[in-house]
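Okay, so chain A shows up in both of these, paired with chain B first and chain C after.
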Partner chain A sequence: MHIRRKAKTENATTEKQETTSTRRRGASQWAVGWRRFKRNKAGLAGLFIVLFYVFIALTSQWLAPYPPRSFLSLVQGENGEPPSWKHPFGTSKAGLDIFSEVLHGARGDLYVGVGATIVTVIIGLAIGAIAGYLRGGSGDFILMITQVFYTIPLLPLILLFARVFMILVAQGFGLTLILLLLGFFGWPTISFVVRGEILRIRELDFVKASQALGASRWRVIFRHIVPNTLTPVIITATLLIAGNILTEVVISFLGFGDANTSTWGITIQEGITYMRTEWWTPVFPGLATLFAVLGFNLLGDGLSDALNPRLRD
Partner chain B sequence: MANLTIYVVRRILFMIPVFLGVSILTFIISNAAGDPIALIRQGLRSVSPEVLEALRAYYHVNEPLYMRYLYWLWNLLHLDLGRSLSGSPVLTIIGPLIPTTLELQIPALILAVLIGVPIGIYSARHQYSKRDVSITTFALFGYSMPTFWLGLMMIIVFSLYLGWLPSGGAAGITRIWWGSEFADRIAHLIMPLSVLTYIQLATFVRLIRGNMLQTLREDYILAARSCGLKERTVVYKHALRNAITPIVTILGLGFGSSLAGAPGLETAFNWPGLGYQFVRATFSLDIPQIVGITVVITIMLMIANIVTDLFYGLIDPRVRLG
Partner chain C sequence: MEPLLDVKRLKTYFFTEAGVVKAVDGVDFQVGKDETVGLVGESGSGKTVASFSVMRIVPQPGRILAGTVMFEGEDLLAKSEEEMRKIRGAKIAMTFQDPTTSLNPLYTIGSQLAEVIREHQKELSKEQALEQVMKLLELVRISEPELRVKAYPHELSGGMKQRIAIARALASGPSLLFADEPTTNLDVTVQAQVLNLLKELRQKEKMSLVMITHDMGIVAEVTQRVQVLYAGMVAEVAETRSLFKKPNHPYTEALLQAVPRIDQRKDLKVIPGNIPNLINPPSGCRFHPRCPYAKDVCKQKVPPLEVTDDGHLAACHFWGELSLMGA
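Here is the complex of A and B:
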């Protein structure tokens, strides 16, 4: 009963929107997408996982029994203990409570994953928009630069930058540094997507119309074209968050991250020396990574199924 | 054919600025960390001022950065990457690592394609069947996992608890596994190879499945089917050819980035490859080694890219090179 009423109101709103302005109808695109998304179980599961992680990241300081990077259990003589009621994920030889570290790690890794993606999206949108809209030499040049960024070995360069900047820049800036590095090196992914979309959109009639009305070039790019590329950008960005989290975990596992902040990678690294006797130290942060990345991947795939008009039957 | 030659030459010429850009960037960044000689001194107990002076002269520390770069470039033209801060020539350090990295990466790529492509096709043909769901889940886990972590898990299970396989390295040092030297290398290869294969396989399965699903909806597939062609012919001859083109790109990119090694995986397995060495060199800020490894990786990446593009032209007649 309740569902039917809801469906009715939805129908009513779409009808109303269709009779009013075109701007309103743009909003119903997202409503259609949400309706399609709701039917996708995997996508919904992804959304729940992501929301769960976001919740943990935001509340970790209250949820976790120990503060980040505190070796308290060592002082209490409880280091190197297997999982128990007091320490659900065990403690490391150095005295870290793994459960707390995993919770705090969610904050650190989500900060890097989401933050780096935001930086990437901003740069990628700007560069992709310009590359897609400008014809001739300058557009080609930007495309060439983008391809160069695709060609060069990125992970080694990021590691090198992280190592050197960690020395040059004061401590405590660590995770933000990794965030900026991932953000600055990641933009080609977005800008390729944006450029492709723009090449398609700029031939559409509404763009010609606004040009005919005398809109300036920048207004056409950023007011009319870029908003229309947002759907693929959102999809790519969600998947990119997953990739950025994975890269951050590798970076801090290799010891190039911030040693003063809890991340999943650094906890795993802490565990490998005593892996023979303490399997729990590397296992739990890795599982946390796995499910976080899984969540973002599922969400991204779900969004892509729901929002991609080309896949609609 | 002449067009092709021009194309290759143009690509190689285009490589030069990219190469210079990457090497200059690496050079500046790695030198920004501080005086390399001070770093050497950390390793030595007591150094006489004369030795320090000689070292400074050898590494041209007192000269401006661009002069140092030019010296380095000049040496590179003579196929000399200079000496590492540890003393040995960079080439003798890097040289043996390249085959070790490739020993891991190339079989992994080949296996991933050989297994991943048929699985992906199967999955696409039976979309939403139970097997398709389990294949997609299996792949999803593959690309959601840190490679090195899966490696660590396998080490814990198969090496530390069960004791079936060696826990790291490319060859036995204190103990030769499974009798002969060859079998020993195989024993060391099994775990890192299966981890890498699985992770890459996951990407291929996902890609092929997606492409295949799109291709199978095309009109020309419908046409082929309505002509009464066998399903086998339609899928493997008509659809696959279109669905596989993006794989070549991914393969090229994958091969390129695999040359950088998987630094995480190689570190987890103590695999003496380029990635592992790069991590160690970067950690100790060994500038000549850092620059040397980056340059080697970049060159190999570029060659891989050109080969990919040439191959692309071969399998996709719509792509005209030149």
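Here is the complex of A and C:
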């Protein structure tokens, strides 16, 4: 392992010597990261899976043979049938075309997974940055609140809120409701990461130097400190998308989701009763969930390997 | 002649949870025009905190409690934060110890130098700033500046980074530069380059230089005057030559004896013990627990800073009686 590593670095130095005379532009951290990422097969696989899902989610309304939550096959007398050419993933007892539902589900679940993560990152960045920048009592207080939020068992709480609000909100907004709930309760993870990074970075010499050379407080925070925390935030956020997708599936599976929108969880929930006789109804959306979570996790790990300063030579 | 910088009775304490750390406890020091002064002491002696105090960038939970910092005839401690910001970088600048972290990894060299230039000369266009960046890079002898300007810090060597950090400190032509251990993290060969560069720049740019260091070799090499700090207080101030020839404070003697010499086959003398805990510093003279010449009076009375027969300033009760060894 050690020998291999050494050989690699030697390689890198000769490469560097060659390029300094010929190359024009310096390589930013992102460029260096991408160069490392390209060599990581698992990470690339994750990236392709994620891109594939994004493509499906964006085009599902044209790709899917049936509209979302359409029980048409019941009318056509084709409900409860195993996979066939007409219905590649079969149809459910109630008449859903599972192939269409899996495609539409990608749209719903990516919407929740990515959307909730964006909400989480915005809240987590703001709170983590404040907690990291304020010293003493007020910073500790914010940290304490973050820890309290982190300790609360999320699932029952979200289920409770989902049930209460699902009755109140207008139909069709159920998925957005779950998105917001996941976002509002998920921020501590990001907040911890940001706070820790800020505590580390603010002690580095370049922060002190920019202060000593006349930079204003805002410039120090927003040009020098915060951008340096983004790498771990991006990594954590990618892994968080996987977690949020999984949680959405769990919520829907438990029957607290929005029955008017296609998601993998809803389809699994509706099909699980007939698992013995109609295995295709829960299995295909289950596999879709599995690969989505796998894809985002592989991508997150790949990003972590490529961008993590600890491992950089 | 009035000194460029005149610090008097400066006190900077850190209010930590464990107690009040008296990091700088009544320090006086002067820097003349075009002078190179060495600020010497072990880690924790207060040399860095003293320079941070002059620039008013003492990190939390530190506070400047007392003293005056007269710079070009004005008291910096009485200035507002906004006024201070115009002085930092423009008139007083600083370089830092660790070249690996003293540049922001996210931006190119050019962008980081231009940032400092435009902070103090807002009327400059981007092109004009870039022109100045190139001049600065040439000033600190960076080869192929048109290439380096677009490079990121991780693509440069430690010595190069340190020279760029020096260029950044010089961006607005300061009249006083604090160099905090500028060579500590560099290879020996590169150390000499950086030292010569600093020496040369000080003359060319007509500024005063304060070398913060614990390396007596560097002190001998570049400084004209030395200020020895121990545990947040001044131990001795003297012309460099005179100090090396005949120190007047036992701590200075110990520092000089702790420098390895190749021409004398002797065991290296180390200073016993550590720098004291500055929450509860020793009574009397703070050096007495480690001082080979300590007597009872050293435990009770803080020695005043007195002018000695050699023309030094020394804070020792027995400067008149001891005959100490130089280097």
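Convention: the second predicted complex is superposed on the first by the 271 of 313 C-alpha atoms of A that agree within 3 Å, B and C clash if a C-alpha of one lies under 4 Å from a C-alpha of the other, contacts with A are read in each partner's own complex, and residues count from 1 in each chain.
Convention: a contact is a pair of C-beta atoms (placed from the backbone, for glycine too) under 8 Å apart; a residue touches a chain by one contact, two chains touch by 3 or more.
Source: prediction; values computed, not measured.
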* Asked: So, A:A212: does it touch chain B (first), chain C (second), both, or neither?
  -> second
Report task. Return first, second, both or neither, reflecting whether A:L204 touches chain B, chain C, both chains, or no partner chain. Result -> second
Query = So, A:L246: does it touch chain B (first), chain C (second), both, or neither?
reply = first
- Would you check which partner chain A:M275 touches, where first means chain B only, second means chain C only, and both and neither mean what they say? first
Touching A:L168 in the superposition: chain B (first), chain C (second), both, neither? first
Of the two partners chain B and chain C, more of chain A gets touched by chain B
Chain A positions within both the chain B interface and the chain C interface are none
The residues of chain C that touch chain A in their complex are 55, 57, 60-61, 85-90, 93-98, 101-106, 108, 115-116, 119-120, 147, 150-152, 154-155, 165, 168-169, 171-172
Chain B contacts chain A in the complex at 18, 21-22, 25-26, 29-30, 32-34, 140-141, 143-149, 152-153, 155-156, 160, 253, 256-257, 259-260, 263-264, 267-268, 275, 278-279, 282-283, 285, 290, 293-294, 297-298, 301-302, 305
Touching chain B in the complex, chain A uses residues 148, 150-157, 159-161, 163-164, 167-168, 242, 246, 249-250, 253-256, 265, 268, 272, 275-276, 279, 282-283, 286, 289-290, 293-294, 297-298
In the complex, the residues of chain A that touch chain C are 16, 20, 24-29, 32, 135-136, 204-206, 208-216, 223-224, 227-228
